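Handing you a structure now.
The chains carry the letters A, B, C, D, E and F, assigned in the order they are written, with residues numbered from 1 in each.
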């Protein structure tokens, strides 16, 4: 029995609000149960130095948690003067996931930065960030298209992410904090709309896991991501 | 004529949502027109080193802007590795304003940290932060009271803040970004529920201002803060 | 009775030495009683990136306290690796005050940096810094004029600053440390030679203050700044 | 055809030197082809603050690359003043991998730090670091045992790691730099001596990968790690 | 011919003012020609962690240059966020020189910090700092003695320093900036009152130097330091 | 009697391996007894800003110690976020020593960086670094020559370094850690192949030293450096 009384393969309630703030070219508030992440996309007309003059664009991400998004307050990274290893790991992951479905040449020599800020955390923030950031990125790409700055939308496919894990011996989908803090294995899976795997990160928190468990988890994730991409599509249709 | 077509002495639409996030002991989303600030209050059972063993508590504040809360994206302070002078100035101001109405001895040897994070900026973020943070602080104090940790609510009075300024020769209340970026004088005023002045910070951005103008601005602020405190009271009554 | 036995409206002894060090284009040691601040003006033939190519100049300030300028040694900011919030707040104030009386277009595309370093502190260091820095800036402007680099002195007016406060119920001028550490209200006022207000920063350290007290303090400051500007003029006449 | 002319399932030449330096309680130079990593284990009689008084120990890792371990010189992190996101990601991975096979309660309230410094890089440095660090950690544990500080060796199992990937459509084992820089999918796998999976990190650098490819890669890794653990055992037998 | 028309073995004019500022237990302004360094000694009743509980004290130094003490303004280290290698090298040198003549056991478990801040630089700042800091340290030691905190003055001897160098083929004493910037060899020598050498740091800026030149420079330094120690004694006699 | 049973004027066993790693243009592992330093030379086709456009090149050095190169682990400077004063002092010394024998004009507008990383420390690491770095620099210069990028090898002479000191009253050559930690005087001497002195840094750790002792130490160093340069030549002949 999961703490939330969900079925093993049941997602939390998904809620998506586009145009949540007004300055950004894309701005999406995504909620997966009690996890709430604000994802904004900002377009800049320049690229990092290592790409300058090459004619292609770049998509990157930054991630942060508001100090009291968590059960107990965690120190503000701006005050500490550095981003934690966890923060950097997550923002690198988000960036890779989005670049995997972006045609950077079509984007042209500009950069889109996805800021993913966690307003409230209840597990699965990095996955929610990826799923929400794709929508913000898409809105920014449509913005470029409407301004005639790109010939077509540089996004080639959807991308979304979900966590899966082994909780009390049971493979479960979309872990909340209560499960995440007590599971044996935790795996984050990022997949495209056409079902390709973009990233898999599985960690045995307690006992090592087996090849069979890994395959079971992948299958759970596959189904869950399909439903998340349906949510993305429904949100675009509004 | 103000860009927003408001009267000189008219506040923007004020909207206050308490218990906006669920982990913090106080959590308030305050909106002044398009300015939106999330204020959370976090209680910790220890005080900074300089107060340890003295039997009194502490109230402090941290302030941040999400990178794309503004018209163009500004770099994330956590990534830059330091907080700007502006950020530090604002968070020191918020802390002083709240301590001015708190009985730190009644609070006992614990610290309450107010995190004020700007989700969307349209001028007046520091004033909105003070007005909203007072509510979050009050909720945290009531939380302590309900747990029997303090004998009575350590807040002795309300506190709220508003900006006033001289825009195209006219003294106006509650400047939005369009006014703030083009005014001659900008003044932030912090006052208590009983009408005492806690802080005045006036700056001539263009022409110096006169003693008479200063008094006119103070009077405008006085009236505006009265209405903001009425909003605080209405919110507490819900 | 003030600890220094001064009258309520009496400044401390003011002493100003121009050309105190020899490398800087302006170098002024200002003493207000036991407070001693060395202010130097340095001219550079470039401006910050945000102004480049715009044809106008910039005036900025940096502030520091020698570690043992104070009663007990405070850590060296260079060793700690960052400037405190207080330091940044003060140097931003000094810069704004000086820019308020400078014609940046006349200055041309160059920057003048005012370094204000406190050799000995006894209250009122930021105000002394502004009053002294104006003189150093003026010497640097005259230097530019004498070299034919500007058509006329870009300074349009004097600027000076003084602190006022409510000490044991009495409004007093030019607080020293003994008063500053025990006052209810502390206000720093910056004014021009023609009597315009450039900046007012008033803080209730203890009880909030009233509109009437604020006006009384402003009047004290007005008279005090008049005398400080007379000192500036006397120093220029030497 | 692989650039190195190896078979798809062939490891590079593995070479392990224990006691490579003399001060550390464990010191191992591991070479996987041209990749050379020096792994040292250092015992300290204290644990991080979050574990103090709990009776259990801790195992952690730090990772670094000598500036010219790479084809072109990369800036020294000590000079830049911070560790890159990549460095932090890798050292967190190494620490997790080793803790997965350590009985931290048996270790007692002490910390063992594994420093993994890359002398020469040719792909697969994080995997070589894990495989080598396990040996250094084991030597440190044996040192504790010989001193009577632990009742038995706290290591419950071997752990080793290898990279696998899809290079020009072919699933290959133990990628060198030439392959790593041009592969579609890159996956790092960490497994125990008893065949449990501790960590899987797979990234599509180009095209997304399929569930079938993922399983093929896992099987390659499984075989490769078996051989690496045989190398560890052979080295211990010397 | 030296730029200053001094004899080869002639010091610049030496001027020493004790009790230059009033808060520090020792405060000395030393001038060697146009070089001016303010040296303050601050007593703290604790020692660095590595000495705690050992019953002995510590003497340490910090060094800084005001930004415009030099011909062109150099960036403020507090603003840059770190001390340069040169600064650290110099403050380590000053600390070693003073500890060489201090009985740290007699001092007891307290630390004296010497802050050496350059108000104006014209070559030889580190040597002036050592010579002046000894006086400030002595005043602080006498302060401890007068308060009954030490049984006798922990300073066992004088210490002073001077630069020597080969300028246009000539061995000269006490280089000013014009010589320092153009000399072939630059050597800083620190000696005690009884003629022992505490530190020698010689660098060939241009051509390497010979054993004979080195001895000639040492002899010049020996004579110069004798005269500097006479200045210290004369200052103590005032 | 020296702890190592060496004669007073006896060097430790010297061992030099060129081409120790394969990416760098010069790569030398030098061992002086148990001290082992890896020195690599990296060529970059640009110079620091202060030299740009001047037609001359630059030689610079960076120094680091692996955390467990020492008896007890010392914190990783990259993790601490800054290089210690000692590190900066040493890398500045290495750079000066190498530039003293390099014709920077012949080198042309490029920079060679010498990374000196201590794998194992047993005293004398900075001297070993200089002696080894000269060889790495020479290999890099020969590389430039073989590519036709310089007209002749810009190195005008050899340079090498050794420590000397007074240990238990005896002047000894090439101190190991056991001597270094217990000596009265420690002196590092850098000399060229033609016998010129490039740098002398002598420090009295305990008792001050005399002019006579200094000369005796210089003579010891002179002889030792001669033998080190013979080792350099032998290594080049391989």
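The rule is simple: a contact is a pair of C-beta atoms (placed from the backbone, for glycine too) under 8 Å apart; a residue touches a chain by one contact, two chains touch by 3 or more.
Note that this is a predicted model, so its numbers are computed, not measured.
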item: Co-neighbours of chain F and chain C - touch as defined; value: E
item: Steps needed, at fewest, to go from chain C to chain D via touching chains; value: 3
item: Repeat of the A-B interface, chosen from D-F, B-C or E-F (over half of contact pairs identical by residue number); value: D-F
item: Turn needed to bring chain A onto chain C - CA fit, degrees, nearest 5; value: 120
item: Centre-of-Cα separation between chain D and chain A, whole angstrom; value: 28
item: Inter-centroid spacing, chain E versus chain C (mean Cα positions, whole Å); value: 33
item: Chain B and chain E: spacing of chain centres that average the CA atoms, whole Å; value: 50
item: Interface hub residues of chain C, defined as touching at least two other chains; value: 81-82
item: Neighbour-by-neighbour ring order, given that chain C leads and chain E comes next; value: C, E, F, D, A, B
item: Residues of chain B defined as touching chain C within the complex; value: 82, 84-86, 88-89, 91-92, 96, 100, 187, 191-192, 194-204, 207-211, 214-215, 218, 222
item: Of all residues in chain E, those that touch chain C in their complex; value: 21-24, 27, 34, 36, 38, 40, 42, 44, 62, 64, 66-73, 76-83, 87, 113, 115, 117, 119-121
